[in-house]
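In the two complexes below, chain A is the common chain; its partner is chain B in one and chain C in the other.
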Partner chain A sequence: MADLQITSVTKRFGETPVLNGVTLDIADSEFVSLVGPSGCGKSTLLRVIAGLETPDSGAVSIGGANVTTTRAADRNLSMVFQSYALYPHLTVAENIAVPLRMRQLTHLQRMPLIGGLLPGARGHRQSIAAAVNAATEMLEIKSLLDRKPGQLSGGQRQRVALARALVRDPAAFLLDEPLSNLDAKLRVQTRAEIAELHRRLNATFIYVTHDQVEAMTMSDRIAVMMGGEILQCATPEVIYEDPDDIRVAEFIGSPKINILPIERVGHQLQIFGRPLEWRLPPGSPQIMQLGLRPEMVHLTKRTPRLRGRVAHVENLGAEVFAHVMVDDGAMRVTLRASPAEQSMLVLGAEVGLGFNTRAAMIFDADGKRLRKIETMVGTAVEVA
Partner chain B sequence: MTREWWKHLVLVLGAIVVLAPFYMMVSYSFKSPGEIDRGEGGFFGRQETMIDPRCVALRQPGRAEIEDASSRFPGQDDADVQAALLAETENDCSMRPVVFNYTKAFTEAPLLRYLLNGVIVTVSIFLIQVVVALPAAYALAKLRFWGRETVFGLVLFCLLIPVHAIALPLYIMLAKLGLTNTYAALIVPWTISVFGIFLMRQFFMTVPDDLIDAARMDGMSEFAIVWRVMLPTAIPALLAFAIFSIVAHWNDYFWPRIVVTGNRDLFTPPLGLREFKGDGDGSFFGPMMATATVIVTPLIVVFLIAQRRFVEGITLSGMK
Partner chain C sequence: MAVLDAGAITQATAGNREARTAWGLTAPALLLMVLILLVPVVVAGVLSFTNYSLGNASFDWVGAENYERLFTRSTYEKMFIATFTYVVTVVPISVGLGLGAALLLHSLGRIGDIYKTIYFLPVMATLLAMAIAWEFMLHPTIGMVNRTLAMACGTWLEVVPFVANGCAGGFPLWLGDRDYAIWVVCFIGIWQGFGFNMVLYLAGLTAVHRELYHAAEMDGAKSAWERFRLVTWPALGPTTVFVVTISCIRAFQVFDTVEAFWPQGGGPNKSAYVMMFAIFEKGVQQNLIGMGSAITMLFLAFVMSLTLIQRWLVERKVHYG
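Entry: the complex of A and B
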């Protein structure tokens, strides 16, 4: 187990920049997710950490040692691939034993027939068999040991790939979208199992996913990547509640956060031409954006801040999501309501919407968070 | 059915064209020289006992033998003894044509030795070709290095060079090295097979990159990846290549004929056929065809055993 430092790593494929100076510190036994839309460079970053890609500049160090130029085989990392990448010609037991055989046995000892006769090989073989046994027991795949990967289901292959990764005691585990080829039910189950595995092994995990739910549920910290940069790296709570960037706010959270344009007119703040009661400090920008999570928006009859018509209702049982068209149908606002309020949410009905100004997030036109203005707005409301 | 019949007709006609020479070869290997000359006897010939004229000619009783034998035929003059001995010899030298043809095939020339040479040469060529082609194909398919496309272009270019065009320079080089009339002369020129490199490279392109990355993470060196991961996954393609390589070099007449000039111990099976090419006194088609049958049988047996996987390899079905 070890900590990892990634310092100003850049990488381009031909003319296309993929990583633009990524810096990330990962503490020992931390579970960090790299999350972002496809093509954001998260897999490339993982491959740079693994040693499968060489960065154009920057450094990677594991446990304090600079490994930027070290081969993948010598970095002592384990990796689980999206396609599982099991050796098709080996049985499950042999697949899991490969990392140990390659590292613990010498060339001669790996030879068929004579390998077994060499001094020391026997002890090594027994310890390898014991480690394979322990790994398969942990993942409950003991009954599959003699099968070939071609005879396994997707979920079973995934477990074998996990077992192959954790049969050793690596500095860190790298997981590249390991759940994306599983069906939805199995994904939820395996998600919990991987999180539990992390707690049990107390090892460093770096987990790449495009699925924000996986990142939110499993990680100690989430690094949201976009366009080859890490936009923000923080705990799931901070990422969700206090994003630095509008792209982070939009990527994390389902349904997506509502972004509404707001405008400064003199000292007053207006939304869709209607004045909000907030007063703005001098020097604030002209155009800003207001971020409202669906659960921050509520139905109200008295002095609504927004009015609109219900366009779509999704009843999930425990909660109801409604899409309301505001600004004469130009913008869509999603809100979360309780099932009790569903009677108000008739398609086409006009409803009033309110929101808590303290929870609202304000971003500038480029999407950077304007925390200073938010605090001032907050106090302004109290005064008002 | 009605719309497919013409396809089957074409295939049947094609099969007849391909199989006819084999039919002739096997049929001739069963027949007596007379039947072959007269073109009669159906497929198997009549299998009447025949007398080997050369056997009789070689065992013509001489003066000494007639005197020795005279005690066995008391009261007969020399001419009678000679006639009796001749009858015995003819009796010894008479046999069924099929037995005659196949015993001739093995006794007239050291066919077993030729077959052994054939095995040594083709297996050595194939093994060395694999040792060269697999790492080369792996590098061309999966490693990124400067000039890779150029090198691959050269491989494709080499596919276009006919063997016969470079035969003479190759021969001269081998002769200057003093390697003619050795196994090396039969093997070395064929050890780098651009076709093998090309075929394996195309197959390796279908192997997912993740598998190679997983092997790197598991601590394998690049050479270990070639032999421990790529080789086992490429068995079907390798089998296809094995058939091409072994058939080509087992049946090769041209190159052994050039570099093996005197030493009959180095003859490969096709050169064995020359033993029955009687220049002045006509050819021995029966034994010659028997030899040809013996030579092609191992190939046909191997092909039938490997047929299913061979077709897999040709279609490059890849993984999954």
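Entry: the complex of A and C
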């Protein structure tokens, strides 16, 4: 197990820049997720860490040693691929044994027939068999040992790929969207299992996903990537409640955060022409954006801050999400309501909306968070 | 009960009708196969036990006499030696070269297409015409091959015994020398055939999942050879079985070169008297249909066993999917 440092790594494919100076420190035995929309460079970053891609500039070091020019096979990392990449001609047991055979046995010892007769080969073979046994026991795939990958289901293949990765004791585990080929139910189950594996092995995990739920539920820290950069890297709580950038706020959270334009008129803030009671410091920008999570918006009859018509209602049983058209139908606000309030949410009905000013986030026109203004107007949240 | 019975009857007649339709639809294909494949084979099989000649009104049964000759006469011994020398030489080398060329071309970029065309040209060329070109090149005195070799005379290359002997006593006659004739045929067979194998292997290589190479690298396969053993070679298993079988059958069928070089007798001292040429000589030129049929049956047996071995290998050893 080891820590990893990625220092201002850039990578371009031809004319297309994929990574624009990414810097990331990963502590020993930490679970870090790289999350972002497709094409944001997260898989490329993982492959740069693995050594399968060479960065154009920047450095990667593992456990304090610079490995930027070290080839993948010598970096002592394990990887689980999106397609699982199991060797189709080998049985499950043989697949899992490959990383150990390649590293512990010499060319001659790997030969069929004579290999077993060479001195030392027997001991190695026994230790490999024991390691394969332990890995398969951990992932509960003992009954599949003699099957070929072609005879396995998607979930079983995924387990074999995991077993092949953790049969060794690598510096870190790299997982490239390992759950994306599973069905929804299996994905939830495997998610919990991978998180548990991480706790049990106490190893460094780097996990690439486009699914924010996976990132939120499994990680110690999340690095949100967009356009080849890391926008923010922090714990799931901070990423959700205290994002640095409007793109992070919009990417994390389902349903999506509400973004409403606010305008400064003199010393006063206005939302859709209605004044807000906050007083602004001088020199704050003219146009700003207000971020409101759906759970921070509530229905109210007394002095609503916003008024609108109910456009759509989604009842999920435990909670209800309603889409309300505000500003004469120009903007749509999503709010979370309790099932008890559903009687108020009739399609087309006019409702009043309020929000907790302490939970509101303010961003400038380019999407950068304006924490200074928030503290002064008293909206900033205290994050544990 | 009556209702049930009626239902059963309609079901049965429906089943019959379906079966009849199935046979009806298969019949044309079946008929053609029997007419143009099975009947000729059976006729050849029957004729191989006779002394029939084309144009004769009748024939005599000679029992296994044709086969007995096949296994006792020295001419046929030479036929077997020439045929097996050719197959055993051409198949491994043309398959190996095809695989090697495919691997090299696969790792190449745009330039690969040019090489692909160059290597594939002999496959597309008419072998008969190519044989004539080779005949000129291999001419003992005015041929390009011996003239090129003669340029080595007087240089340090004379340390090679072959060159030294050639410079002293003349370079080989190639097509006229019984020690060289079959090897020349083999060489042309390889030159002509490996491009085809290369194309088949190139097709096989495109099907290899790229992520498997990355997995192999992560698993510690450092050398190209280790990656080849772990990923490429197993993935090419189905292609290899097909390529080897096709190459074997094509090698057994070698005829054009021998016919073009030595129309009158299968090489100096029958050293290149291959099976196909023997069938042609006995059955067509000498009108000994019985003998020709016997060799044909033997040829068929070889090809048949090759196909069976392929099927067995495919089911037992090779991984598909």
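Miscellaneous remarks
Basically, the second predicted complex is superposed on the first by the 378 of 384 C-alpha atoms of A that agree within 3 Å, B and C clash if a C-alpha of one lies under 4 Å from a C-alpha of the other, contacts with A are read in each partner's own complex, and residues count from 1 in each chain.
Here is the rule we use: a residue touches a chain if its C-beta (ideal position, glycine included) is under 8 Å from a C-beta of that chain, and two chains touch if they have at least 3 such contacts.
Since this is a predicted model, take the numbers as computed values, not measurements.
On the superposed chain A, the positions of chain B and chain C overlap enough to count as a clash. Contact with both chain B and chain C is seen for A:89 once the two complexes are overlaid on the shared chain. Applying the stated contact rule after C-alpha superposition, one finds that A:102 touches each of chain B and chain C. In the superposition on chain A, contact of A:148 is made with chain C only, not with chain B.
In the superposition on chain A, A:368 makes contact with neither chain B nor chain C. In the superposition on chain A, A:164 makes contact with both chain B and chain C.
In the superposed model, A:122 lies in contact with neither chain B nor chain C.
Touched by chain B in one complex and by chain C in the other are residues 47, 50-52, 71-74, 77-79, 81-83, 85-90, 98-99, 102-103, 164 of chain A.
For chain A in complex with chain B, the touching residues are 47, 50-52, 71-74, 77-79, 81-90, 98-99, 102-103, 164. Note for the complex: chain B touches chain A at residues 208, 210-211, 213-221, 224, 229, 232-233, 235, 319. Residues 209, 211-212, 214-222, 226, 230-231, 234-235, 237, 319, 321 of chain C are the ones that touch chain A when the two sit in their complex.
Listing the residues of chain A that touch chain C in their complex gives 47, 50-52, 71-74, 77-79, 81-83, 85-90, 98-99, 102-103, 148, 150, 164.
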